[in-house]
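In the two complexes that follow, subunit A is the common piece, with subunit B as its partner first and subunit C second.
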Partner chain A sequence: MVERLDTMYQRLLSRKILVAVIIVVLAVAAPHIANTYTISLLIEVLIFSIFAMSLNLLVGYTGLPSFGHAAFFGLGAYIIAYISGVNDLTLSFTNNILLTLPIVIIGTGIIALIVGSLALRTDGIYFLMITLAFAQMLFSVAMRWSAVTGGSDGLIGIPRPEIDLGVWKYSFESRTAFYYFVVTTFVAIYFGLHNIIHSPFGLALKGIKSNQMRMQALGYKTLHYKIGVFVLAGVIAGIAGMLLAQFYWHASPENLYWTMSGQALIMVILGGVGTLIGPVIGATLMRLLPNITSTYTNNWQSYMGIMLIVFVLCAPNGIMGILLKKLKNNQ
Partner chain B sequence: MISNKPKTDFTHPIIQSYSRRKILKLAGAGALAYTSSLAAACSNQSSSSTRDVPIKIGVLLPYSGIYATLGDSISAGLEMYLDQLGYRAGGRNVQIVAEDTEMKPDIAQQKARKLIEQDKVDLVAGIVSTGVLYGLREYFHNNKKLLICANAGGNKISRDMKSPYIWRSSFSNWQPNWPLGLWAYNNVGNKVFMSAPDYGAGHNMVDAFAHSFQSAGGTILGKQFTPFPSMGDPAPFITEIRKSNPSMVFCFYSGSAAVAFVKAYDEFGLSKDIPLVCSGFAVEEDVLPAQGSAALGAISGLHWALLLDNETNRKFIDAYKDRTNVDANVFAVQGYDTGRIISHILDEVQGDTSATSRMLESLQDVSFSSPRGPFKLDPKSQNPTQHIYVREVKEIGGKLHNVVIEDLGEFTDPGNNSLG
Partner chain C sequence: MMLVVEDIDTYYGKSHVLQGVSLKVMESEIVALLGRNGAGKSTLVKSIIGRQPASIGDIYFCGNNITNLASHRIARLGIGALNQGRSIFPTLTTLENIMIGYKNRHNQQWDLDNILGIFPALAGRLNHLGWQLSGGEQQMVAIARALMTNPKMLVLDEPSEGLAPLILNEIGKTISLMCQLGISVMLVEQNVPFALQLVDRVYVMNKGRISFDGHTNMLKENTALLHRYLGI
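Entry: the complex of A and B
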């Protein structure tokens, strides 16, 4: 019996390794086999995947229905715009990723800490409202404080990142280089999250989702855990926002708008709440579908809406839910 | 009565049952069939391979959202001009590939990449909102692709954010308002209260009007910037205006906000005592039917008017009405002129769209008589040099229209912020 389980595990593992190898080879080879437009789409998909994965930490793993996650996405975009952007409003202080990345992380982290400490004292619908209100507040600051944020026009002239070690310098200026930069970031965050989710911290989050009272009774300070995951999710969303701004050379108030939060929520729900790969599938669908269908119809959003309703009613665990069920039945 | 929604009305009656996209595809298929037969016919004569393929013009406009009417009007104007040429320019067939920007900078980026990298369009036209234009600036600049902006008026694109690859066929936000400020001081009053939505265009327009008005000796009693895109209840803003007791009010609004503001201005009784002077978009043909008599007497400055008396305009408005069943508006004119500029470029390079530097060069001497009057492209600001007209809303034959009361002459964007 033990032996059989062992071989099954071995087989599953070898299959996993095979899949991983294929994905890695494809990811590395992509710029050489695909056209530039496909690479653009891939970059977008990866960036939005990071964003959706960060929201999934809250919605999927901890059961916190945030409806203002775009706040941190946009914050990341504006911070990088402000420190590295080249125009008359910004500081143009540095474009060295070794400095800018920590600044984005610390900046979004501090704001997430403040917001989280306040918002997480509430639950459910109240938490949803507070996160939404905070994001909309940031949106109106971005729209109105034009001397700093460029108002409705946003901030332009954001360069692609570079690494500067003094003696050695490398710029991710070209699309291919920037693609590898995004892929690396994505992989790092994916495996980082994988480890966190399976760590005691991650397990505690799952515990909070299923029964917070019980976790408290067991002696867990659930508020601290929730603040911790809120900051983590905020920081990762900030990194995604930073990448998008660098890719577009532009940070716009739309990055902060509630529709952006909504989009991320749909990605998570469509792909599969509470799975690591689900949001990636959701983000891929959400970014690619309109792109394919919009050439043929102006009403792609209606089809998207119908699809979402069907999913919520028939497959509440999203595409990953269906896939996992299939996989279980096969075994 | 003018329909307020020309959204689906602009297709030709014969092909009315088809959507715009289908028509474009048909046009493209027709063009393809035509060129391939042409190529077959003259295959003995050596013709360059590019001649066999139609020139593709990418169009980036909002076809959904609050500015959908603008996108549709620009499209209709552009298509009308190309149709008049039989979709041919520079000795080649021309085809349009249109994409919806949804007014969102990130969607617009994606669509721009699709048009240029996947559909391989030769140049791009369109863009309604300045946020989208600024968002696309780096992409077109870095990729050395030509963009003809058919609406978005953000001053910066003619000034410190200029790119050799981005030219504008429409206006800069400064352009209609600076001359109007001077005229208003001399003809309407010397104390103004200003009202505009709180976004880039609102500030640009207020700054331009304020600059010439103050330089002439006028006093600004106050400025209010209302929430954008939705102003909400206009009552508190109207009350603030009344309290300041100005001798006139300057405003800029567009779309549904223009309807709400102008109606409230009339309902609160201000239109009786305080003249309303505005940027032309606030009382343009697309919003006038909804504003109704509330707009009567409103004075505005713009680079065109429906009843502008010149031959090109007369022909244009008749043809446009025949084609779409609605009256033309300034956005349709901008689309029409964009078509004209594109055909000029293509003629100059004889259809060789790989010659980017020659295409850019050909933009230096664009000059023709537009429905808006004499039209030139200014090489310095890469924006039109055009006449600005003072117009007043009057009732003509039971309908409200903007009647030109004075031609202020030709204006060019200063290319810097020295004049507001």
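Entry: the complex of A and C
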């Protein structure tokens, strides 16, 4: 009986299309069947999944241990705050996603290009320290330069985005509309990353992770590839930060703090480095667990810590590593 | 002339490793670089491929001065180098290992089909990960990947290391084939008998200098030299 169930389960798994259809139906139907609390949680999970996937490009695929990825997450939040936020400190000139998204992309991209060009000349622990230092520097600017950044309060009054084509206008103001907006962004980024990872560029990244010198001996200028992926990861983190700011109507210096970088790293490690879906699983766990366990305990972070230690020691490839191994054994 | 190394000195910090080394490799020629452990063979290779540039002297490849060029530029000019040990990517599949050498260059001479023509054994292993391959297969994958970069010359650092005699024979045939295809080969070896059956010309290194340079037969007859520098 168990065996028969097992083979049935296998067949189901092999029918990727069926799984995809179920996910799509659930994702589309969610706002109509779930309560607002669940939808908010889903939005958060999706946003942090995007953030974790972007970090995984560096940590998982290229072997670059960034400990300052929150810098770009926070930058995305502050940039959208300046261009669309409605308060005394911001410009608030447009909330049209067709304008704001390119500005966020270009803004985070340029900063990532500058930081990456400097930081990527180092390796390993030095790279980690430089990225951490950069993020902490941005954090202290956000905290201290209150006249511009709003200090510890951050910037408030960021509206949810709208699409404005002149003749036609649509606002994602409602929770449900914004949920669909986030889902669409997530899907676009997920499949975009899928294509990138399976392109020659993605293969080069894996090669760099495995052996950088060997890649140079094959004629690859590895620094350019690393800068390229650093900019890509920075931009995607920026988009995630933008979404979070729009969701909470608020850009907070917390988004730039090193604990945010740490959280993203934990999501990646817990879910599984170097797999596309791993960080999504990690982000889901990291956002859901505190919500579930806080009913029973106030020390969920201690349990999280224990869990992380167990994972690093027993399952270094994370939850995805365990799942993939199981799948392989069953075949 | 394919490769000309002209009187180079290479240092590791203050340690003076290569002292006035000169060497030439012609078109479609297999040249062996022999010598005991620590003779400076690997340092010479590193100087040629840009890992440890020479401080004095010049290295020319197809007329270009490559002495101080970055590794990837030297590779793009047409030197394919295989490091000592298994130079594959263990976490990539065989197919990925081979295709990572392919970079959409102009005049691409090699594609997967003619690579598999040379290494038919790899055809059934394309989806295996690098670390799952046998030593001989790994060596073939490494050569296949180097071919994908359209090399004019291959530098092979101890391809015989750790291989069974039968497999070694296969690798030897492949090296001869390279030369028939117009690719020069610089074969760096500790396995003297293996090298001597493949090459026409030999360089012997000792303590950072070239101590013999001449035809294979000259070396074979010179038992005193064989004994002194190569321990045979």
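Here is the rule we go by: the second predicted complex is superposed on the first by the 317 of 331 C-alpha atoms of A that agree within 3 Å, B and C clash if a C-alpha of one lies under 4 Å from a C-alpha of the other, contacts with A are read in each partner's own complex, and residues count from 1 in each chain.
Heads up, the rule we're going with is that a residue touches a chain if its C-beta (ideal position, glycine included) is under 8 Å from a C-beta of that chain, and two chains touch if they have at least 3 such contacts.
Bear in mind the structure is a predicted one, so any value in this text is a computation, not a measurement.
S.K.: For A:K221 in the superposed arrangement: first (subunit B), second (subunit C), both or neither?
M.R.: A:K221 contacts subunit C only, not subunit B.
S.K.: Comparing subunit B against subunit C, which has contacts with more of the residues in subunit A?
M.R.: B
S.K.: For A:S152, decide between first (touching subunit B), second (touching subunit C), both and neither.
M.R.: The answer is first: A:S152 touches subunit B but not subunit C.
S.K.: Where does A:G166 make contact in the superposed view: on subunit B (first), on subunit C (second), on both, or on neither?
M.R.: neither
S.K.: Residues on subunit A in contact with subunit B in one complex and with subunit C in the other?
M.R.: No residue of subunit A touches both subunit B and subunit C.
S.K.: Please give the residue numbers of subunit A that touch subunit B in the complex, ascending.
M.R.: Against subunit B, the touching part of subunit A is residues 35-37, 40-41, 44, 87-88, 143-144, 146, 151-154, 156-157, 244, 248-250, 252-255, 287, 290-291, 294-298, 301.
S.K.: Considering only the defined contacts, which subunit A positions touch subunit C in the complex?
M.R.: Those in contact with subunit C are residues 200, 203-204, 206-207, 209-211, 213-222.
S.K.: Please give the residue numbers of subunit B that touch subunit A in the complex, ascending.
M.R.: 19, 21, 63-64, 99-100, 104-107, 109-111, 113-114, 117-118, 130-131, 134-135, 137-139, 142, 154, 156, 160-161, 198-200, 203, 228
S.K.: Across the complex, what residues on subunit C touch subunit A?
M.R.: Spelled out, the residues of subunit C in touch with subunit A are 49, 51, 70-72, 75-76, 80-81, 83, 87, 89-92, 96, 99-104, 145-146, 149.
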